[in-house]
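The structure follows.
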Amino acid sequence: MYFEDYSKFISAYEDFENSKYVIFGIPFDATTSYKPGARFGPDEVRGASWGLETFSPILKKDLIDLKICDKYNISIEGNQETIINRAYLAAKNIMENGKVPVMIGGEHSVTYPMIKAVKDVYSDFIIIHFDAHCDLRNSYNGNEQSHASVIRRSYDFTKDIFQFGIRSGDREEWEFGWENTNISMNMPTKTDIEKIKELNKPIYITIDIDVLDPAFVPGTGTPEPCGFSPKELIESLYLLKELKDRIVGFDVVEVSPHYDLGKITSVTAAKIIRELMLIIDRQ
Amino acid sequence: MYFEDYSKFISAYEDFENSKYVIFGIPFDATTSYKPGARFGPDEVRGASWGLETFSPILKKDLIDLKICDKYNISIEGNQETIINRAYLAAKNIMENGKVPVMIGGEHSVTYPMIKAVKDVYSDFIIIHFDAHCDLRNSYNGNEQSHASVIRRSYDFTKDIFQFGIRSGDREEWEFGWENTNISMNMPTKTDIEKIKELNKPIYITIDIDVLDPAFVPGTGTPEPCGFSPKELIESLYLLKELKDRIVGFDVVEVSPHYDLGKITSVTAAKIIRELMLIIDRQ
Amino acid sequence: MYFEDYSKFISAYEDFENSKYVIFGIPFDATTSYKPGARFGPDEVRGASWGLETFSPILKKDLIDLKICDKYNISIEGNQETIINRAYLAAKNIMENGKVPVMIGGEHSVTYPMIKAVKDVYSDFIIIHFDAHCDLRNSYNGNEQSHASVIRRSYDFTKDIFQFGIRSGDREEWEFGWENTNISMNMPTKTDIEKIKELNKPIYITIDIDVLDPAFVPGTGTPEPCGFSPKELIESLYLLKELKDRIVGFDVVEVSPHYDLGKITSVTAAKIIRELMLIIDRQ
Amino acid sequence: MYFEDYSKFISAYEDFENSKYVIFGIPFDATTSYKPGARFGPDEVRGASWGLETFSPILKKDLIDLKICDKYNISIEGNQETIINRAYLAAKNIMENGKVPVMIGGEHSVTYPMIKAVKDVYSDFIIIHFDAHCDLRNSYNGNEQSHASVIRRSYDFTKDIFQFGIRSGDREEWEFGWENTNISMNMPTKTDIEKIKELNKPIYITIDIDVLDPAFVPGTGTPEPCGFSPKELIESLYLLKELKDRIVGFDVVEVSPHYDLGKITSVTAAKIIRELMLIIDRQ
Amino acid sequence: MYFEDYSKFISAYEDFENSKYVIFGIPFDATTSYKPGARFGPDEVRGASWGLETFSPILKKDLIDLKICDKYNISIEGNQETIINRAYLAAKNIMENGKVPVMIGGEHSVTYPMIKAVKDVYSDFIIIHFDAHCDLRNSYNGNEQSHASVIRRSYDFTKDIFQFGIRSGDREEWEFGWENTNISMNMPTKTDIEKIKELNKPIYITIDIDVLDPAFVPGTGTPEPCGFSPKELIESLYLLKELKDRIVGFDVVEVSPHYDLGKITSVTAAKIIRELMLIIDRQ
Amino acid sequence: MYFEDYSKFISAYEDFENSKYVIFGIPFDATTSYKPGARFGPDEVRGASWGLETFSPILKKDLIDLKICDKYNISIEGNQETIINRAYLAAKNIMENGKVPVMIGGEHSVTYPMIKAVKDVYSDFIIIHFDAHCDLRNSYNGNEQSHASVIRRSYDFTKDIFQFGIRSGDREEWEFGWENTNISMNMPTKTDIEKIKELNKPIYITIDIDVLDPAFVPGTGTPEPCGFSPKELIESLYLLKELKDRIVGFDVVEVSPHYDLGKITSVTAAKIIRELMLIIDRQ
């Protein structure tokens, strides 16, 4: 009665059984090519969430009315394969229980086990991908499971991939994207949303925080100039409101507290998570 | 003759009697809920002002043509009540002498004594409030004089409150705002200015630097993503030009040098102060 | 089974009833005169503890063999008086249950409720105080409960105060110390320990992290040059081994993550806590 | 065969003879009035270039298809005059060999030897100048070769000066600019480009990185709020595509790694250099 | 003739054939458990070396009189196994040519290929190991080649291991060390040196920079308080002068520029390298 | 009566006429070879002085009992020669009025005008020099007035130079020092003091803050590992007590706030200045 526990994401104190959303982190960054540190992302985002209100004045909804569980982080005991498999099992378990996984990375390679679990549970589905980078390399530094290949790997699971905000990649990646995915250098338009809507499939959303300009999110591993503002990203997320019943999970990755001055990157990640949970809102 | 004194705000070397503007700081931040440090704001803003020119190319006016006095900071000897009272007396004294107080905070609670002094001197008046946060809590952590309650307290003095750029608050604050103040998530429009003009009353302006996006002002206590750029804010201040004869004082608060990389927050605060003094310009 | 929880102090996952040590934080810093920020200390120290091993090669003991509970932080709802009282009740409750409170600050004023609880539970006792500053001001900025007065206030509870590592204070504080406390500019000697031993009373230890030189603990509010190294401090703590049965509680305060480069201040605080718990070791 | 050398600008491993572009730095900042540090700019920009791809998805061109030589930095042995002369000779030598010099500063005064060399080699020419500051002072702190005078000095070589993004200067500088140069507070418009095109002369481009807002480039010596985004600048550079055959050299100056959080300033400078080389592309 | 190249270690501009020392980096840190970043170590140490003089006033020798080659870094193309093998081949090649490899890490796991190469070339040899951590784990997070296991792995190659400055490890590591290696919590004494001398074997030295206290080297991945000062370490290295003919190579690892305020960690690493090359001095 | 002025050095509010000590800064760093920034030193040291007490518990004296004037900084209008001359005239004027100049740098070249003024006023005198670097270069980068030549230049004024704490220089500097000055790698011993005492001449003291180890003073331009602690330096200053009547002035230079985490460098400089003024104490 004297104490209080701020160790979880704000307002995420429901237990697993009663929850609709299950937040967890995958604190892994071992394949990061440039500046590692994303392993500290999940805990930083949790801490930063307490600097926000639980109420969204635009959506006029409040996190305290949602049932959210925070399971802390996937255990990182073992090598990359073991960790990835553990994350896959956890994500699958959450979705099989009819809940929405909300994953905080970690580097982008941690989206792979999420996608794999979505494939298992929902079979046919759409990926909406926000990022500065294509992540379409067939392999990177000899590793087919690297952060730079994660969307290319996902292509094995679904051909319905929509990429937004992309502004960096090598020629081969771009050519792959131009041919095979719906790759856009911009935020989604209403036409894009319409196209996604017509497919009428479950949707998984993966947001690499570096889709935003480094000025807004200095705490990320591979800063790429000429990005978007948080306002532009969140406004484009509001467009997803009409798809909300099909969103089966999402992640925000590549938050790296190194260089994250005044925690502005983590608080931005936390706000994106708050708004996305309120947009989906399946109480 | 060998030395020079850069300890005051740039171009603010007039004495009190001959001045039209009186700059002073209130280096107080003891009620800050998240990241304290705004007590160092006034001195940082002074220092940063020397990185600017005194001339504004948009207004085509020069600070060296104004009569500005800088009295350094309110003494912080004593508890919150004592300090607040001292600031109130100082502000009142300045306005009673027909001068414009230009206050640099400190956390937002230091606006309270300013408002109280405006009430005493001008009786009926308007508050123009730029902020990311409503600051409309009835009390915060049991303190009715906290930074999060400052506009709610001001409501006891005047009902004519115009809030701009607000994007965070709890449900109760927003409901209070929607009912009782002119609360806007945007910068002022010409219609807003028209409405203010018609009221035909003295105006006090309070600017919480966090109305700007944290990318532009990382050095602030409660960074809230999705804010405005300095360009957007200053352009909206130019709209106030036609109200300039009614502006009786203003403040810029919540500049906190912790995390203020390259002093960009303090130089932005200094530029806002320069432009606002040049806009009012009552020589 | 997929997840792990690193939110508590390393190895502090026992429940309250079965524990011998109860760790908790008091995240309060509102009276800090120079650089605030110590409110973030407890969580930072918890996080940093995971960079250490649980085993002490000097003491040849392991934290995993102790029964430690971590209750997170005292709720900071309310004003200073309310918070202080809540902390006092918590500390009293812990000691009345025969457990050792291990408190992480917060600014030094949070030691006051600890001392008050010790007085209630043990009546006659000794304070061992490590600090750069006397903390013997009768009042500071008009506040008798400020961080700069905490030992002077404690003097109302016991005259048996031993101060070590002190190197800063105003003339009046030093004169009070020279007359009334056992004030030393050095670390404790064997003679000091002997003297304490002979008093044969319960002992409470309070460590202001700034007793160490700012080079070793840059993350503190009032850095005072010419301090001690962590090695010197911890070696002097080993001298307390023969008093271990009388140590009824301790705290480490003034860890402020602002400016704490590479978390070296918090990891040092965590190591001091680990070693002190292992020194006392009352399983 | 085991090793790799990342010490040059990405993809700049051609030798001098076979190259079309010659990158070099002038690591000089001794006249900087506010925050020095730009001397470290060239090496930081080189390092940051490796965080980028060589392929530009907008231009659909790749740096690996260009012939680029990186000569490291001008030797800074000697006083300002000696260094400036050495840089002048180097730039002249590069242009006399029909190559495009790509200079990385250093403070803005290092553009002077570039302009002087352009004068020698091309005689009649145009300067396109992006900057937050006029740099039109006749002298600064008694030095006619200071960073604040560099465009005024250039005016001795050509009257065809186009200044963009300017937002700071003293009254005299602005009056000089309004009368004598094409000074604009905005990015170039199509009309501006048309005007430049009609002059039909060789073009030298100098970009002071502080033309961008400090939020995007915190690592610069004299941050001036209300600047442009990298996206706005680079889009305006694309307008220069139709002038590309006349561009005889360019520089990016005032990158100062002090305070450059997460190297976002240097990576932005590197991206500007990549895009400009691809725009010119005279293979 | 106008340019200068500061991209290599100071005074290391000899070519491979004529050199006696071959400096190279292994920019690898993917197994780091706590704070990654050591991959940037080699380039930072090179840069920082230019802040030193080449002359050692204690040894009265000058680096410019040595023949030193700097091959930049081992290519990190491929997975851990590939990189490690490439480093092994490089080190072996250097030693087979009668030269002294001077390796800059990278996390401590990169010492493994060095040791393996020493085994191949010299067969029977001694390891002198300076570190805060035992690095004697049989495996760490399921990886037998992790930074925490590097000395345990080395034990497969030689039983003559001398560990100095060690102050952290789990119980099992310490028990392994107490039984099997010459593990010391202190710097080497003359007795230690005598013992090493009597073994009369080739010597490889590996220095984890975190053997120093984090106050002196904040830029390291796993700061462990209560370490040594650079003066204490370098003075102990002078004791090795009489063994200099047997030293066949050395490395300095775990320099991680994240958090390395003012580059003091990298300049310290550079000074250690300078002094060790001058101590060995086999021209 | 409401305001307070913290813009000067603590307790330095006497006017020029009545003062015994005159503090002033020379904010100049244009010849700095490695990391500039010392120009911000004087203001930072002033600010940091307010984090100290005015009372020295070792000397049992209080700054408030001294008569100290703070004239802010030498104007830096003009080129190096002009500034240096202005500083020289200021220093001379202070000493001719029987006062003690206390100069805060700035880079070390600003000691030159002080020495020149001492020569003019006192003719025959001793220099006590604390530094990591010899500063005995005949010229540096072609500049005979650079920071690296300041003691060599001083040698033209007096042969009685005592250098302490020196640990870096090129071979030629050391040879000059070994032959011509009393150069020591250590702090002064009683024998050194005796030798100085016997010379029976006025004494000027110049302290380059980098004589301290970079761990204690990270905010300096040319960090050189293996330095001294503030405790060691200040204790050696106490040895000067018996020479106090002959000390005619002193300076502390090379404090550079860049990278000065938590202001620990500036607070150390302020403490050295406080203690030295109290040691001299010529009321």
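As written, the chain order gives the labels A, B, C, D, E and F, with residue 1 at the start of each chain.
What we mean here is this: a residue touches a chain if its C-beta (ideal position, glycine included) is under 8 Å from a C-beta of that chain, and two chains touch if they have at least 3 such contacts.
Heads up on the chains, UniProt names are A, B, C, D, E, F = Agmatinase.
Only a predicted model underlies this, so the values are computations on that prediction, with no experimental measurement involved.
Visitor: Kindly list the shared contact partners of chain B and chain D, in label order.
Guide: Joint contacts, listed by label: A, F.
Visitor: Work out the mean Cα position per chain and let me know which chain is farthest from chain F.
Guide: Between chain F and the rest, the longest centre separation is with A.
Visitor: Find the geometric centre of each of chain B and chain C from their Cα atoms only, then give the gap between the two centres in Å, rounded to an integer.
Guide: Using C-alpha averages as centres, the distance is 39 Å.
Visitor: So, what's the distance in Å between the C-alpha centres of chain F and chain C?
Guide: 38
Visitor: Just the number, please: Cα centre separation of chain C and chain D in whole Å.
Guide: Measuring from centre to centre gives 55 Å for this pair.
Visitor: Going through chain C residue by residue, note those that touch at least 2 other chains and give them in order.
Guide: 35, 76, 213, 215, 258, 261, in rising order.
Visitor: Touching pairs of chains, which are they?
Guide: After working through each pair, the chains in contact turn out to be A-B, A-C, A-D, A-E, B-C, B-D, B-F, C-E, C-F, D-E, D-F, E-F.
Visitor: What residues on chain E touch chain C, complex-wise?
Guide: Listed in rising order, the residues are 34-35, 166-171, 174, 185, 213-215, 218-220, 222-226, 258-259, 261.
Visitor: Residues of chain F touching chain D in their complex?
Guide: 29-32, 35-37, 39, 76-79, 82, 141-143, 258
Visitor: In the complex formed with chain B, which residues of chain A make contact?
Guide: Touch list, chain A to chain B: 50-55, 57-58, 62, 213, 215-216, 229-231, 234, 261-264, 267-268, 271.
Visitor: Given the complex with chain F, which residues does chain B contribute to the contact?
Guide: 2-8, 24, 43, 47, 71-76, 86-87, 89-90, 93
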